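Going by the order they are written in, the chains are A, B, C and D; count residues from 1 in each one.
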């Protein structure tokens, strides 16, 4: 059902019949889309639906094959980065594009060619500082911090702020491709509030997210994509969660409580397989994990959860002062570019790397068994690709994430450490993965699950809340409430 | 707070190693603590510092230049022959050399080639040209060049002043200026720079041309000091320049470089040689001692980083 | 530059180069061989090829080790190859005392020297966190001193049997080439079909992700530096057998050569992807290039110039390959 | 003894072959005796690893700083060290160069006539092959003066005996393995040749290459390495193989030392001295082989008297 065009008579950008193919993969199969001034367009779709590809075309970093693109009232033949910029289009890409070796202010200068001449540093710093404070009041990022030294979430904040800053020409359309996937709840809320303010002031935003609540609560209009086409387009008020999920092509949702109920009762065996204390922990608190248990790590991003997961991963098979681990550990990265993906390899090789020892016979990797594992991974996780031999980077962000999941679950590890692993994964897949996790736990595998989404904690039988590198609360499933988690995350003296 | 202080500490390491070696030299050979002494120890380090900076430009964009030694040799040969006999031809030849460097940058970008292979090939090309121009060692540096390089500056030797100016100028241009941000950014995340609308081709060409410029300066300073040339004169500069840049804290990927560190690194390498010769080691072990000294200098860096990690 | 470079299906020359990055070194070698034959009015094809195989074989042996090192990621390179060749060769010759019965002892000792050198290199890299290029450069200085103090540059004759093996032929093919070929086959299997080989490639692409994916980063890197040094030691022993004894400078030419065969052979300079066949192509290419230029009889300057230009021409025609983009 | 308070330094630029090792060894044994005898206060040896003029120039400057009275120098380049040598002279240091001599006028040169080494090779071949013939030349390190001079000498010899012709010129880099490879690579395309002219030390590698290719070995001029002499002896005993061998004795470092001492003692010494090469002919082969250490180079060490004789031009 193709709905009415944008409300405004002259849309900022309008696409019609846009197609894009990568070799045999048809990423976009004729998309019509228009966005007018002063609106927030929510864009949703399953992993690999073509959202990012479409946005890259709008940003001028990819060229479409067929169709027309009208920006600023005039049709543009070859749309380039420069033309997009001139039309006031800014894009926060799904895979961040900051230079890690430069400071925040320097990255700002890179985006804003106008910042130059003697003494450019001061205004650049002031500019980004002002925007950061406007969008994310209370942030602790300083303009001369190196991006490499920032947490993933902080980088995301910088990237977002940079695209909302104005030098000379104001941004008119800001594209946010999964901006909240690595942000804390409160920070995400700040961003969404800013989006509303920006839209109210006459700007436009395209918001892409797999967190449907964000989309429903922030957008004026929602466009649903499936397999490279727009399949639904309506004012946001006419959608609810179930309708969105259905439009995306997923089966209707069962209540989340059911999945959680399955894991509500942990079955501690007599001996824990992980006992760990964060290096900075004061007091006697420590983390324990039993076979078959799903343990959640909560708290604000960057408060030592990832560090503890890595510590446990490193302690497997060796001795550590801080952790005792029995059994091997597989890690599911959240920051997939830095911690997960092997960019020169095929999807298949990326999946099997963790299981090679088990796939070997007489010291040689058995090609047939490797292939079988690859195909099984594609089946179970519905990785959208014509060929597991294609390069991993040909996958959409969410599909890459699925491959990383498949890597860990295909392995023989007794313990799976998950570092906020659902970033960018679509609702349908998420649900399937939750089910897989519960199933595997049933079989005796243990999970350590760091997540920034409260709902995911409901899948855990036990939750540890982290603050400043310490465990500050220790909540069994029965006592788990969002208030308690938030309270422990923020309060300075929770256990004093 | 800690983010900042650790960065300061990290960048102070090259200065620290330089200081430690210098102090050791002064203890062993007090005579070195003088205008003449410093000049004798460091004037041949100045051309290495220029070559190191040339290498640094290439390292900044994540490439490696294996041809800089051959290039400096060629420049020295040109300077000791054509530049002296027919200055116009000499200047034209040197400009052409820089042009070739810039073209290399373009070629590497255009065909997406590994810089190591291209510059490996170029190292033969430069050396071949040098041998053709100067089949047998000789020639003589233009008198004006010798006069500049041997100029006796008051209080502080020219080699130290020169190195300081070099470090400062390149630091300002690469680390502080608005244009420098784009150049370094291309080493950190080329795709981000392209997405921000900058031309990567121009970045590459600029960096290779700059490398060529500083290679030419290196050759000129060198031949001004030695007064005459030799086709093999600077072949070792390739290794020296890489070692100097690394001692100065540069990394092979990600556009992480430090011009001040690189210049200090080059000077430190020279001081290591002096210190060794003052220590009067048996000739069998002199070469090995050089290796041990390099290890010691870099171990110092690790030690500082460890301390820093403990602080944090 | 853009994601578009990642698409797998593209036509023509470029695609060929992408899927078989080593092809161009073989094509280059073949062209140069043909030119040499034409200049030589089609005489001596057999002997030219035999000579190229012989001398190429030594480069292949060290190149294999260097390949694994380079594959472990940007900045990884083994500069201690030349001095290891010299030192291990000297140790082998001295222990063999020119007697056939002591060949195994000498060979084992040389390999032992390689093992110690590789372990020392990785100790510097890991424990002292010294960048590999400087670590191996420093250790090459130390090894050179050891070689000087140990052998004083005196050439000790190899045992006759070793000399015979090193210079001999089987069915018209040089034995050293057959040895190198067997070694290459083993290494190709190791690279592509073992956990170790995969681990090396994984580390080369993203060391952090490799660690998190369960790769034993330290063990693999240690093994890689040891492998490189041991292959250099083997090369040193064979070379000493071939040229009538170990000399201090016999490894010198293998510094550039070992790196050149890897990168010209189509392995990614930034690590993570490599191939064994390319090393053979590049080794033949580089040795035949020397033959061709010597056959032309041009002077040293022109010879160097042409060497450089031909290398650049081949790599330019081969074109870029997908680089590591994170 | 007048010079007993004087200090000497040897500055060497390359340590990677047996000739250089023997040279340093001769210096050490020769000067140790001199120091013990009170003829000098100290005589230290310094060497750099790779053949690099800039590294050696830096080394010279460090030696200046240490206040040696004399520097005995085997230079990496005849010209590129001139700046540093001049500085040494200006600092009142006596600089004596040998083997690799420097052109800076303030320094002394204990030189070998490299050009003559080239001419002699052709002269010898002319006695062996009056009808002339084709020759293969193995060059040294490109761009160095020694390589250039020997090559010039060969060309001069050919001018004298025009029935000889250099049909191929290959690069040997003064490294046996390189020479062996280069020779092997041109053998298939080589016409009939009568002799191989060399720069010393490459003879054995060349012989190996010919033998490996199954070709008759022509007359190869040798360079006093033990392996060359041993091979020659073997061939001589087997089939009467004839050639000659020539090289500078590594012990010339001691000669330069004594010359430096004479200069410091105030003797008037001409700036250019020449030492003859050490030549081994067919008859002297056995004696030469005896003089040569296993795996090393034929060597002689010089005495103070011999130095005086050289200075006197005898």
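Things worth noting here:
Keep in mind that, in the parts below, contacts are C-beta pairs under 8 Å (C-beta built on N, C-alpha and C of every residue); 3 or more make two chains touch, one makes a residue touch a chain.
Keep in mind that what you see is a predicted model, and the values were worked out from it rather than measured.
More C-beta pairs in contact connect the chains of C-D than those of the other pair, out of A-C and C-D. For the pair chain A and chain B, the distance between mean C-alpha positions equals 43 Å. Rounded to whole angstrom, the centroid-to-centroid distance between chain C and chain D, based on C-alpha atoms, equals 33 Å. Distance from the chain A centre to the chain D centre is 71 Å, each centre being the mean of its Cα atoms.
The residues of chain D that reach two or more other chains are 15, 49, 142-143, listed in rising order. Counting partner chains per residue, chain A has residues 61 touching two or more of them.
Within chain B, residues 127, 130-131, 135, 191, 194, 286-287, 290 each touch two or more of the remaining chains. Screening every pair of chains for touch gives A-B, A-C, B-C, B-D, C-D. Per the touch definition, chain B reaches chain C in the complex via residues 62, 64, 107, 111-118, 120-132, 135, 190-191, 194, 200, 239, 242-243, 246-247, 251-253, 284-292, 294-295, 298-299, 301-302, 305. Against chain C, the residues of chain A that register as touching in their complex are 22-24, 56, 61-62, 310, 313-314, 328-331, 333, 337-345, 349, 353-354, 356-357, 360, 363-365, 367, 387, 389-391, 393-394, 407, 411, 413. Within the complex formed with chain B, the residues of chain C that make contact are 1-2, 74-75, 124, 128-131, 133-135, 137-146, 148-149, 256, 259-260, 263-264, 268-270, 299-312, 315-316, 319-321, 323, 325. Only residues 2-4, 6-10, 189, 193-195, 198, 201-202, 205-206, 208-215, 268, 272-273, 322, 324-326 of chain C touch chain A when the two sit together in their complex.
Touching chain A in their complex are the following residues of chain B: 3-4, 7, 176, 178-179, 181-182, 184-185, 187-189, 191-198, 254-256.
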